[in-house]
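Let me give you the structure first, and then I'll get to my questions.
First chain written, first letter: the chains are A, B, C and D, and each begins at residue 1.
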Amino acid sequence: MSKVHDMGGRFDPKRIDITSSDLKFKADWEKDVFTITLALGFSGLWNLDRSRYARESLQPKDYLQFSYFEKWLAGLINLLGENGIITDERDIGNNAKKSSFRVLEAKNVKKLLLMGGPSKRDSTTEKKFNLGETVSVRTDNSNTRVERGHTRLPNYVKGMTGKVIAYHGSHVLPDANAHFLGESPQALYSVEFKSQELWDKCEHVEDTVIVDLWESYLEKCK
Amino acid sequence: MSKVHDMGGRFDPKRIDITSSDLKFKADWEKDVFTITLALGFSGLWNLDRSRYARESLQPKDYLQFSYFEKWLAGLINLLGENGIITDERDIGNNAKKSSFRVLEAKNVKKLLLMGGPSKRDSTTEKKFNLGETVSVRTDNSNTRVERGHTRLPNYVKGMTGKVIAYHGSHVLPDANAHFLGESPQALYSVEFKSQELWDKCEHVEDTVIVDLWESYLEKCK
Amino acid sequence: MKKDNLKQFYKEFPSNPEARVKALKSILEKKGLIDQKALDEILDTYQNKVGPLNGAKIVAKAWTNKTFKADLIQNTDKVLKDMDLNGRQGEHVVVVENTEAIHNLIVCTLCSCYPWPLLGLPPSWYKSDAYRSRAVREPRAVLSDFNVDLPMSKRVKVWDSTSEIRYLVLPQQPESSKGLRENELVSWVTRDSMIGTGFPKPPTVE
Amino acid sequence: MKKDNLKQFYKEFPSNPEARVKALKSILEKKGLIDQKALDEILDTYQNKVGPLNGAKIVAKAWTNKTFKADLIQNTDKVLKDMDLNGRQGEHVVVVENTEAIHNLIVCTLCSCYPWPLLGLPPSWYKSDAYRSRAVREPRAVLSDFNVDLPMSKRVKVWDSTSEIRYLVLPQQPESSKGLRENELVSWVTRDSMIGTGFPKPPTVE
């Protein structure tokens, strides 16, 4: 399945504008989007995977035309909308239930940012693949549980064969967590692919691309 | 394998410029490119599949930036180059062998254009798939005989499942013919795919996309 | 695995396309590999002789003659051959009929395949990256760029011309044209209606 | 199969982003769901406190202290935690070392994952469609946009940050900086050298 946010390997003739380097925020409204998004990330109503899903589920033409923080803003409004907190711009009087909503206080900011949200979990099952093993990526890169759901399996490696070069322990599975289906932690690997097998033209036969992939994205190589 | 010319389903925010409708040629040089390309297509030195391969093998950034007839022009020069007819713009004196080169004469134009170049051949083997049968497209959409070779299997259907809706007899296989490996005619089918299985967002659950696919592009559905 | 390295000879030529083709043509002329008269004949064919009128005549005939229509759909190549309307880039043609339930749209995502003998050379938008990318993924959005808004009661079938089969859309005959004769109907059939990006419409008075 | 329909509520808000966020903020304020002081604290953190200097200090230390370097590469998360340099968007970090034979480049093709605690917020180009599309397919062409021309004797390894693992490039120490002390080296370490789109370089005199 081809998704708008899944950019890897798309042919894009544009030069990288390296002069766009050093301004963190181009305007004050971007600061508001950034800080409100982070603050509400601690509200307890959704998780990071859900917020990525919200951004990538914007209308494709908006996703492509919006600036970075415009995507954040639209995604955030959608998350608030599905939680019944807002409905539209005039909906100021509507007093949604906030019982489970945790408002971030200034005194907790430093501590919470430092704590972050680790995705690593204790492993409960044995991992299936070994370092150095050759593996194939699933040919269907859709979410297997939710129609058109979130996944972190990029289109450009689907069906491709690579080598396991690192094992990172068990990590929360975005495909489940983004849809509130539990954390379903799973073995996470780094898999290295030869560029010449991924792309029509390759710049150097020894160049490689490494992608982090969860165990259920992978199959034993036939 | 991801190729520059394989545009189907790429996310492109551009509106279609429908005012670009009615000018066949924007400049006189385009007329030269068009007529010379067609004339040399009858030279006998290459075939239509080879000339498609020549165009799609241009440097990706050129492919994306060139106008339509600029691609034709560059592809044509490459075909003449590989046949030893030209080497560079100063190479006017070099008298390459022309023994096998057929120069198109004005008196034959009408007849040859009307004759065209049918790709249908007599079938020598039984076809493998039936009308109405569900089939899967190969997961590797590379040319299986030639490294980074020509193929007419678009990336957006690789690994996808569809239904055979038409059989067109045996047709020359571009994957072989483009590389002068013989015509290798093969059963050609039209396969219909549900849009909602191809794309993240689909406009209508009943919309479909039909793609013409050669037998070796397809597998029995598991 | 076999390799096939096509070298980029074009890099040795001027980058401006006008200068590039001039340099190429001058070499080919000196070597006697092209005949200007043949080039002129090709240009005349596609600039003045072959165009959407060919397709429009077929459509108008199919609208008014049921036997012809059935024959056109079932024995397309034979019918077109008999009318001298096959030939280069139209050697194998399939006619797809629009109905109340189905709207057909033609594209070539891999290059710009198009039924030359029936429609002439393709318009620029047909060859554009945007049309080639978007037509298979969001045909309805593409159609709205053409000011065509399809009701949700119609299914869209997009035909990607990946082989040497060329597709021609047989549009629905407009109600307001019913009863007109075949030769009057020809001018109702627009090029875009035979690609699926438009509908037939009454001819504008000049 | 389960469905999960996220509705497009943002369409109900003004389309100009400045007006859009203003409307949103005003609702959230009236409902008491945001605390401006907390927002200010977040902004201060990422605008003034957290930035590439954090990463540069680690790199300079690794260049001058072999034990630290080995520890950093093998027990990355523990080392960073002891230095208070983990935290949001840097919970799990992998350090990849450039060598004579290997050049590493970091990208996130699916969004814009980036090791915030070590480098601060990503520059605009890192979030651009062009960087996200091209870095995995043609890293050398991308690098040349940054005026970095890699010899063919080096392999490029591109790391696509698809999970919560964040990557930091440990660049090679420039020959001309050998012998300098750790605190002098910090200013040689550019942000881009820790993403792989640049090299360390002598500090410019102000």
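By our rule, a contact is a pair of C-beta atoms (placed from the backbone, for glycine too) under 8 Å apart; a residue touches a chain by one contact, two chains touch by 3 or more.
What you are looking at is a predicted structure, and each value in this text was computed from that prediction instead of being measured.
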item	value
Set of chains whose contacts include both chain C and chain A	B
Taking each chain's C-alpha mean as its centre, the one farthest from chain A	C
Chain C and chain D: spacing of chain centres that average the CA atoms, whole Å	50
Rounded Å distance between chain A and chain B, as computed from the means of their C-alpha atoms	36
Averaged-CA centre spacing for the pair chain C and chain B, given as whole angstrom	16
Inter-chain centre distance, chain B versus chain D - centres from mean C-alpha coordinates, in Å	42
Junction residues of chain C, two or more chains touched	137-138, 141
Contacts with 2+ other chains: residues of chain A	2, 9-11, 59-61, 64, 148, 156, 198-199, 201
In the complex, chain D residues that touch chain A	1-4, 6-10, 12-14, 17-18, 20-28, 30-35, 37-43, 45-47, 84, 86-92, 94, 107, 109-112, 120-121, 123-125, 127-134, 136-142, 145-146, 152, 155-165, 192, 197
Complex interface listing, chain A residues touching chain B	1-4, 9-11, 13, 59-61, 63-65, 139-140, 148, 156, 158-159, 197-201
Residues on chain A engaged by chain D in the complex (per definition of touch)	5-12, 14-18, 20-27, 29, 31-36, 38-40, 43, 52-59, 64, 67-70, 73-74, 76-78, 80-82, 85-89, 91-92, 95-96, 98, 101, 103-106, 108-110, 112-120, 145-149, 152-154, 156, 166, 168, 171-172, 179, 181, 188, 190, 192, 195, 198-199, 201, 203-204, 206-214
